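One structure is given below, represented as structure tokens, and several questions about it will come after.
Order of writing sets the chain letters: A, B, C and D. Residues in each chain are counted from 1.
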Amino acid sequence: MNDGTRSRYAYLGPSATFTESALLQLPEAADAERVPMPGVIEALEAVRTGEVSAAVAPIENSVEGGVSATLDALISDMPLQIMREFVVPIKFVLAARPGVKLSDIRTYATHPHAEAQTRRTIGKLLPGVTYLQAASTAAAAAGLGADLVGAPYEAAVCNELAAWRYGLHVVADNVGDIADAETRFVLVSKPSPVPPPTGADRTSIVAGLRTEAPGALLELLEQFAARGVNLTRIESRPTGDGLGLYQFSLDVDGHISEARVAEALSGVHRTARSVRFLGSYPRADGRRPLITEQTTDDAFGRADAWLDAVSHGCEPS
Amino acid sequence: MNDGTRSRYAYLGPSATFTESALLQLPEAADAERVPMPGVIEALEAVRTGEVSAAVAPIENSVEGGVSATLDALISDMPLQIMREFVVPIKFVLAARPGVKLSDIRTYATHPHAEAQTRRTIGKLLPGVTYLQAASTAAAAAGLGADLVGAPYEAAVCNELAAWRYGLHVVADNVGDIADAETRFVLVSKPSPVPPPTGADRTSIVAGLRTEAPGALLELLEQFAARGVNLTRIESRPTGDGLGLYQFSLDVDGHISEARVAEALSGVHRTARSVRFLGSYPRADGRRPLITEQTTDDAFGRADAWLDAVSHGCEPS
Amino acid sequence: MNDGTRSRYAYLGPSATFTESALLQLPEAADAERVPMPGVIEALEAVRTGEVSAAVAPIENSVEGGVSATLDALISDMPLQIMREFVVPIKFVLAARPGVKLSDIRTYATHPHAEAQTRRTIGKLLPGVTYLQAASTAAAAAGLGADLVGAPYEAAVCNELAAWRYGLHVVADNVGDIADAETRFVLVSKPSPVPPPTGADRTSIVAGLRTEAPGALLELLEQFAARGVNLTRIESRPTGDGLGLYQFSLDVDGHISEARVAEALSGVHRTARSVRFLGSYPRADGRRPLITEQTTDDAFGRADAWLDAVSHGCEPS
Amino acid sequence: MNDGTRSRYAYLGPSATFTESALLQLPEAADAERVPMPGVIEALEAVRTGEVSAAVAPIENSVEGGVSATLDALISDMPLQIMREFVVPIKFVLAARPGVKLSDIRTYATHPHAEAQTRRTIGKLLPGVTYLQAASTAAAAAGLGADLVGAPYEAAVCNELAAWRYGLHVVADNVGDIADAETRFVLVSKPSPVPPPTGADRTSIVAGLRTEAPGALLELLEQFAARGVNLTRIESRPTGDGLGLYQFSLDVDGHISEARVAEALSGVHRTARSVRFLGSYPRADGRRPLITEQTTDDAFGRADAWLDAVSHGCEPS
């Protein structure tokens, strides 16, 4: 248990992963204890037990899509809530011990996902190089940094934080095949009052469809469309009950305290088989949604006033 | 002005029309002053000026559809409100002065609408008979009843009330071509607090579409479909601003105080160019709508409670 | 029966109505026999029996909406087909015998619809004037033109054609309350091959809903929306089988030979309880519809080519 | 290149994986050369180059959902086509060398996905056991089967095929946490003529949305709903062009040669930004879709006949 004298934040370890980079965007994390965890499941479990006050986990990658492990861990047990999001550019470097040159490299190590995202670039830089699988990009870097003799590789594909932390130098910068790749991370805590709206917020839910019938997903999406609420992410996740049975993890533009979002969520609550609220929180990019004049809080307020007036026999002429 | 000592109800005259039959279904009308009016416009105008406390007008006919004159008069000026509805079977009789037999009839009179609705039956009963146009079915009857010599016809197609009031006898009963024809009438007053819900209510509105774009009518109807609110009547009415510009007169199942109806009306208010509330009132047939479990007031209540809970960090697990 | 030596066209009489004005827009009608009919039902019946080759009837009025009598007569019996449309400005004049001045007029006659559409203007011109009901605007004019003594009125509200034909002079021009009122008329014949598309066409159908369920009308309209086909008129018409049972008379932009219209009509045929095709014909105003690039005949053609290609194992890469 | 003397099928290796089990369901694979590949990308690449005639890859797992690696590899390069599907029950066993008992096991190896799917069961059978990560379940089994001394674990979690092939015995059967887990595999070849419909077929496509606007996904799904075509799988996949940009991988019930499916695919082709056809092929479970009478091939045929008739002026009355 956390004794409360100092905040503790869990993250997907080991030290120096992209997830730790995301956590370091949180001002209060700088002085807090940052606890690396072997997996997302373990990191979220530590929040649930109270061992840490919050955890950071990747939720969406511009190249690989929704991070299933995080989506599933968020909803598979006691409720948790997303309080913040961070976007981290996924910049890979080829790092080696000081003094090692590109031409010295015969073998390199990295995580398979990183290998997939750098294959073309590394192939051009180092034709014929041998790849070794590592448990994480940070582990690959750590293997070189450790004071051991005989690491079976000369270089690691990792992020800049790992290179810096393990005393490596960057042999080649920006070795990712896709420029501008980035990952969105979320800060997850136990359920708490929703942070106030900023005007540029995101709301996350998971909803299970009521029937398998054609049109059940359509019905779910219409709850948002009918109120002018924009979807920014939709992921189908199996319910685990058989092939073809799905629930949907959704992000929408807006905050639960805004009328159009509240009415849409109410519609989902009424019509879906199940729904879990995962949080309303500021968008990392600060982008405000386009809200049509039919769906502003003002429009909802005027409609309520009209309903009240006509119910009492005083329709404005 | 009405001096208030005795209620006055306007109806589409003359005396003994189907509209007066409808009015006589209203218990308090028996002792009230019943004021025949030459047209629906005049009847509703009398409500607006306060000359009468309410008026009865036909709104929908099972054979001819919505009654445009009434629909247009309801919305073309200061707001009015529907407080009640009555359904009257449209039963036509062929009536004549006492002693006149079927074989004596060479010529008959009635209103053109009544002529259209009885043509086949009268044609079989009286091959070769001549038809004279009258201003109303009641006027046709009155012409025979009056103590005048020389009415240029021997029979009238009218309702039973008119036959009885003008001292005629029924030569042939049920001369309508379509059995079970009926007309729905409404009792209209100045805007007043909406009568309480009975569980079997109807709500009437008129809405103008925001754009001519394909889909504007679809958008209007989706406001009801998305909340499981059933339409029982839809009439397109021109706005008077040019060919192809329409507003829609709608009846839906339910009462403005029910959550699904209120939310749908709010949606219409937000998205339509204009909307006028014409009343929530008990259905004459007492038929209760089928409400799915997703759209009961309870379902809305539970959704609101859930929204409130998760906003405060206490999602039920 | 028409002996075929000369074309015969029926129209809603008497002579010199707005309907005859519409018919005179048809070049070949100038030399044809124009047959006035007492009503729309009779005019269309004459087409069905072959007594005339075609008939003209009003279908939509910018002030009063769809003309129910025509809509119902079109669908109540053997199929008929709309081949052309004409738009006629509804311009009323106050006409009198030569030498009669405005100040001479104590009483005037016209059709009740025309009275309704000119009431405010006539009220200002002739405060305190008395109105007499006539069977048509043309009949009101004819009554003055006839060489009879003792018509019980000094003026008629009618159209210019009637004033001219009966030798009257125009005491006051443009006495309609609503400027720019106009009526759309259709030329109706027995079913014939559809005239070729002009790029600015209209298609008319009548469809009966399959169920009373909420959403049946929505389903009908979605057949058009899903193919980007714009509705220009929708009229609910009772089926005659009871209050609340409707069929819908629709006009849409486009021609049955265009792919998006054909696919929408096919969808209506599959999903509606009943559908009757009333014709594809050139719009009187020549206005071409906006067709999105997703619904051009080209887009349909490319989609068909793609379906064919991938079915045979040659998807374009 | 394949010299054609003997068919070659690639599969996700090593030998004895669930994927090889799936391949063995294909009768003609029994005598063919089965080529294990290190990854799905490599297996599909071998099809593209012609090195093998087809490849088997997992596409959907009842526990973990769509297999992103396969979905992405299918669409990231030259077109490929799904010709068959197979469903394989995912049955895990705990296997060891002959003579090893449950109580002898201190450490076991398996693939991380298999570890995740057996964790609770293994935890109960072997409290305190140590887990070692292996590259595949088959590799874990192979490590025990090999004639080597000193494998650092006593047991493997693998499938029955692997246990049998490497001469192991089953210490505990059915060690999966979720009963009835199963995986769907597909047989992929170069584009070929689509196999004929069986009445119980599935069609797979990938479609990119035309806009980010709210409603673009709705529009895509409506193409299927409007034709009564049921979705059985939907996966969002990032386009790789930035966070929040998606394409959708879909399976629907039915065959491209059926009219309702063809029209829906045509609609997708017209309205989506991009679409790739991945095949129509028999469902492994032989389940026939429910087809409403509005969307049978007959209904489409009758609609076409009607369109043709009315275009030529012969509407059936």
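Convention: a contact is a pair of C-beta atoms (placed from the backbone, for glycine too) under 8 Å apart; a residue touches a chain by one contact, two chains touch by 3 or more.
Since the model is a prediction, treat every value here as computed from it, not as a measurement.
**Student:** Which other chains touch subunit A while also touching subunit B?
**Tutor:** Neighbours common to subunit A and subunit B are absent.
**Student:** How would you label the subunit A and subunit D contact, same or different, if same means the shared numbers make up over half of all numbers there?
**Tutor:** Interface between subunit A and subunit D is built from largely the same residues.
**Student:** Taking each chain's centre as the mean position of its Cα atoms, how many Å separate subunit B from subunit D?
**Tutor:** One centre to the other, that is 60 Å.
**Student:** How many Å are there between the centre of subunit A and the centre of subunit D, using C-alpha atoms for each centre?
**Tutor:** Using C-alpha averages as centres, the distance is 26 Å.
**Student:** What parts of subunit A, by residue number, touch at least two of the other chains?
**Tutor:** 222
**Student:** If each chain is a node and each touching pair an edge, is that a line, ring, star, complete or other?
**Tutor:** ring
**Student:** Every touching chain pair, please?
**Tutor:** A-B, A-D, B-C, C-D
**Student:** Considering only the defined contacts, which subunit D positions touch subunit C in the complex?
**Tutor:** 78-79, 81, 190-194, 222-223, 226, 256-257, 262-263, 265-267, 269-271, 275-277, 294-295, 299-300, 302-304, 306-307, 310-315, 317
**Student:** Touching residues of subunit D toward subunit A in the complex: what are they?
**Tutor:** 60-66, 68, 87, 133, 135, 178, 180, 182, 184, 213-215, 217-218, 221-222, 224-225, 228-238, 240-246
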